[in-house]
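Next come two complexes built around subunit A: one with subunit B, the other with subunit C.
Presenting the complex of A and B:
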């Protein structure tokens, strides 16, 4: 019997304690906690996480596009040209630079660095390519600039007018360049002002659909994953 | 304020809601899925500029033109070169897998010096200067002691400039012991020398197979790598169009036999008898081409011997000894079948009989070579369209004479260690026994270039013993092959894609072609073109030797050797004689009689069975077989190609022997049984593969497996057939004539 008595007593004590606490204040704290959690995670998700996700690297040489664009005769294609077989040459090799930069020309420390560390040693500059699509994608520059007569700015923006190279940001997980994924968070979500704000698959298809451009393979006229993907 | 459980939960819910409203989970999900599409460990060819370089494949004697696709400096694909006269854009799987040799992990990256016991695989890297001075020092010492002739050199390269330079080095040094790797080509050249009367160095056999319409192949693996393999595949396709007929005579249903119009299985080793049996029918039924035989041949009716007496000629010899009935007993073929075959052969417009078993890597018996060549003469296809030409070797502008030197002169006058009369028919097969017996003299140094005798020569055990007896072995190999492993010094050559050199005379082709091998890639490691190594060695040896090889480097030497052909070679990648002097219908022969000789006082085609090794305790006969999927010569099979070898040849790591179900039944064996295969020369564990397409009593094992050196991707796969074989010297050529060996099986 004594057991049963003890239980009854314990229960009644607990009830008393609870009813003693003022209900209003408890609810307030709960709501407050909710908002604290919400705010903190929003701040982390929107503010900290995007910074953590990308590694930031400086280009080996701070190249001045605008300066060079003024000197060359054929615009972007002077250095970024299509090879004879239609392949795109990408970032220039030393071979294209040494005609002028066999020795230091001006007084830019970046040029001096370029000549000393790369030209003289015959080492190619390991440029970080902002716009490189991943290895699983077929992309042909020739089809876009020759057949569709697009200009460079449409996809690459006004990099040709820049005086410095921006920091290269790379997604630590996917390995993509920030320029492919979207320059800002808003761009990432697909809201873009410029074509070059983001260059993911949706952006390819958006343009192809809008322009009613070739939708399938040039060779087979068929559509499907393997038209663009390896 | 106290935070209780509820508040904490609420904080969590808030955080979850906030996270869901932030890009974090969605972006992470997207990134992870993208990551799975771009796994960093999946090899992706580097981006860069694609270029194509034309060159030539020298992995087999085929000499196909190749086009190598590169992305920047990385080779990504080898294709057949369009428009090349030999292969017309085609390529075989060995040529295709060549990049695996360039990038192979077992490439030798610097000169190496043995540091432990020979063959233990302990090496120290040395500089090129040290390597050259070590070799030159050792050779100088031998030369000073009057032992210049006790140095030998083996080359596996064809008759190209590097080989000629190697020979020149040995001659200037004072050694008569220059060895080439013998093959069916050696026997063909000897047959042409004996019957057509051509000097051995200046002649190569040419086969106008495209224009033949009846191909009587005595075991030649026309689709298994005989001659220039890609060219043979193309020719076979052409034959289907022209309705040429292919008759394959072979004890097993090889791929060639399976694709032939008729497959005739005869007792192995009786090919010469069958050829003479066919000759018997041609003669007795007057089916041979009299116009040719009467006007341009001698030795048919009779032979005048040295003392002026008239002896029996080829005709009488054949009529007496090789009636269809006798030949039937020797070959196991029905007499009627022999007669029928002979009639068909004679009636064809452009018949041709071919010699050289399988890929033609073995010289074979001279009886066979001569009888088969005589058969071609009987149907008059010597120097004729669709027949066999004796082609003049392309003439290389002469190098200046080697400056006279008393040591060299007395050295080269010494007898060759293999007993051969000249290096035109060197007998590599005789080298091991000569070394082991120390007669006529002990061998003190051996230089090996582009050859792997420890793997490719029959009876590997005695070859190994012979090697162990040679005090100084130098290998120029690019790979850690069996021979390099057993060397004292390795002076690594570039691999073929890094070498600038000539590749003359594709085997089994109709006309002389020289192709230019370009240095498609900059050397990946500290290797050196063996031509340059030889020139540096000569410099190190000094005096008249340095003078004999006084070129600045190998490129200069090659340029001089190619003369005015170099321009064309560099432009198109190959050279063919612009005024192609096809000896079509050219019926002058350089024999003593001035005619084609069926027989002479020195020889008459006959049939003496080659006595293969083994007594009655070995009830079976083991024969080698070849397949396109296995490289069996100096080049090891690249892993890509081993992957495509059928499971009836290599199952996991075990070789399979082909055996007729009847024979298997009598031995109580069934498919995939593990058995011990024994021959008088060695034994090996193999698996059984039952195959209706092999004659009862005969078992076959493919060549090209069972490497013990190289790397994990090449070594330890199957059994090296050569370990089980025993060489038999041909009485005429002195070369290996063994076509098989006796064997027995027991359950393991």
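Presenting the complex of A and C:
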């Protein structure tokens, strides 16, 4: 900042020699306005706009993964299982929950809300899926879990130990979850610590390139497009 | 794991279509449209605007009765291999929206990547590619019957036959659940193959000697469309009629398919 001040001073001094004072100070004001404007745009672009872009939604029920993981017998696959044809069941349906939650079991207000509003009325819970990909994406849980023998934690992190569900942030323009585009601005730019920080095409391709020796695609020398697209 | 994925597992999916058996009923066209969420318009008579991934053409020998003869020719995307995967459409695509996969031999089309320049349509010698002039509009209630395994296309992009790649993906999923790494011939069949009541279409891996197409493509009467262009398509046709085989390319009077080899 001091550097630029020096410059403006130098500029105003120069103008003093050739013309009178009012012209010189107006140039200083222009430079000042430029920096104020720049700072304001940066603050808006990095601070305000990302907040405006995403609408924040709460899940209908604040599900406690940690509590359930202790009760079920088969780990994550007790509720998030693969069907016999290799399709992934995703978030469990009411029919599965009803096995235990016909009536209120404990004293959690969230469970009471779940039983009252969904189980008794027979309405499916409209869960917001953080990992929902666009329609053109084909992702096979079977290929990753069964064929590549990966575990859930590798991509999803320790969700199973969480006690609350985080806020679902939805891009107002694209309609996709923020977890796809990057959980933070740094993640969006491609710098990430965890697999689940960002789930864009480059993130899939990064791992696929490491794992496979033969790349089918003629255009990109990566994996064929139809491996992950449909 | 890495070496297992090597050359010997490289697949080359393709078809052999018996033109002597095809009755031109159009079941393949209907099955294809239903399977792949192909949009249609109220008036489908304008063929410049309609979309048909699988299209049955009618050929005639142009002779008067009693020598008159017709032949129906189903034409999906020919999935040209070209020279080392440089098929006509893949070579010209500036958006990397279409690509040739050496692992399956399928020419892919990614609709979200395509920006609709239509170079590929101009390059395709088989008119197998179609442009979406409009956003698809389904009759009320019909959107519930759309295939969830195939993404629907939007206005302004090019689409074409994918050899029902979603069925390959599903077949592989099932194989993984059963602890297998390879799929059987019957696990992955295209919608048109299964819909053909005459059994004119045979689908399989052209590289695999145990698949039916491997032998069928070697029949003496097997030919490919516009073979001399060098597009190296993977859809083979079979006909015992010489005029049909001649119709497969622009032959001069004194040459014929037999002479080309």
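As a convention for this text, the second predicted complex is superposed on the first by the 194 of 230 C-alpha atoms of A that agree within 3 Å, B and C clash if a C-alpha of one lies under 4 Å from a C-alpha of the other, contacts with A are read in each partner's own complex, and residues count from 1 in each chain.
Simple rule for what comes next: contacts are C-beta pairs under 8 Å (C-beta built on N, C-alpha and C of every residue); 3 or more make two chains touch, one makes a residue touch a chain.
Computed from a predicted structure; not experimentally measured.
When the two structures are aligned on the shared chain, A:135 is found in touch with subunit B and with subunit C. Shared-chain residue A:126: touches no atom of subunit B or subunit C. Of the two partner chains, neither subunit B nor subunit C is touched by A:75.
Look at A:38: by the touch rule set out above, it reaches subunit B but stays clear of subunit C.
Touch criterion met: A:225 reaches subunit C, while subunit B stays clear of it.
Looking at the superposed arrangement, the partner reaching more residues of subunit A, out of subunit B and subunit C, is B. In the overlay built on the shared chain, the residue A:90 is in contact with subunit B alone; subunit C does not reach it.
In the superposed model, A:50 makes contact with subunit B only, not with subunit C. Applying the stated contact rule after C-alpha superposition, one finds that A:176 touches subunit B and leaves subunit C untouched.
Overlap of the subunit B and subunit C contact sets on subunit A: residues 85, 87, 134-136.
Contact residues of subunit A toward subunit B in the complex are 26, 29-42, 44-46, 49-50, 53, 83, 85, 87, 89-90, 132, 134-136, 171, 173-176, 185, 188-189. In the complex of the two chains, the subunit B residues touching subunit A come out as 1, 3-4, 6-8, 10-19, 21-24, 27-28, 30-32, 34-35, 37-38, 40, 42, 44, 47, 49-50.
Here subunit A touches subunit C in the complex through residues 82, 84-87, 134-136, 138, 140, 142-143, 146-147, 211-220, 224-227, 229-230, going by the rule given at the top. The touching residues of subunit C, counted against subunit A in their complex, run 1-3, 5-6, 10, 84-86, 90, 93, 96, 99-104, 106, 108, 110-112, 149-152, 162, 165-166, 168-170, 172-177, 179, 181.
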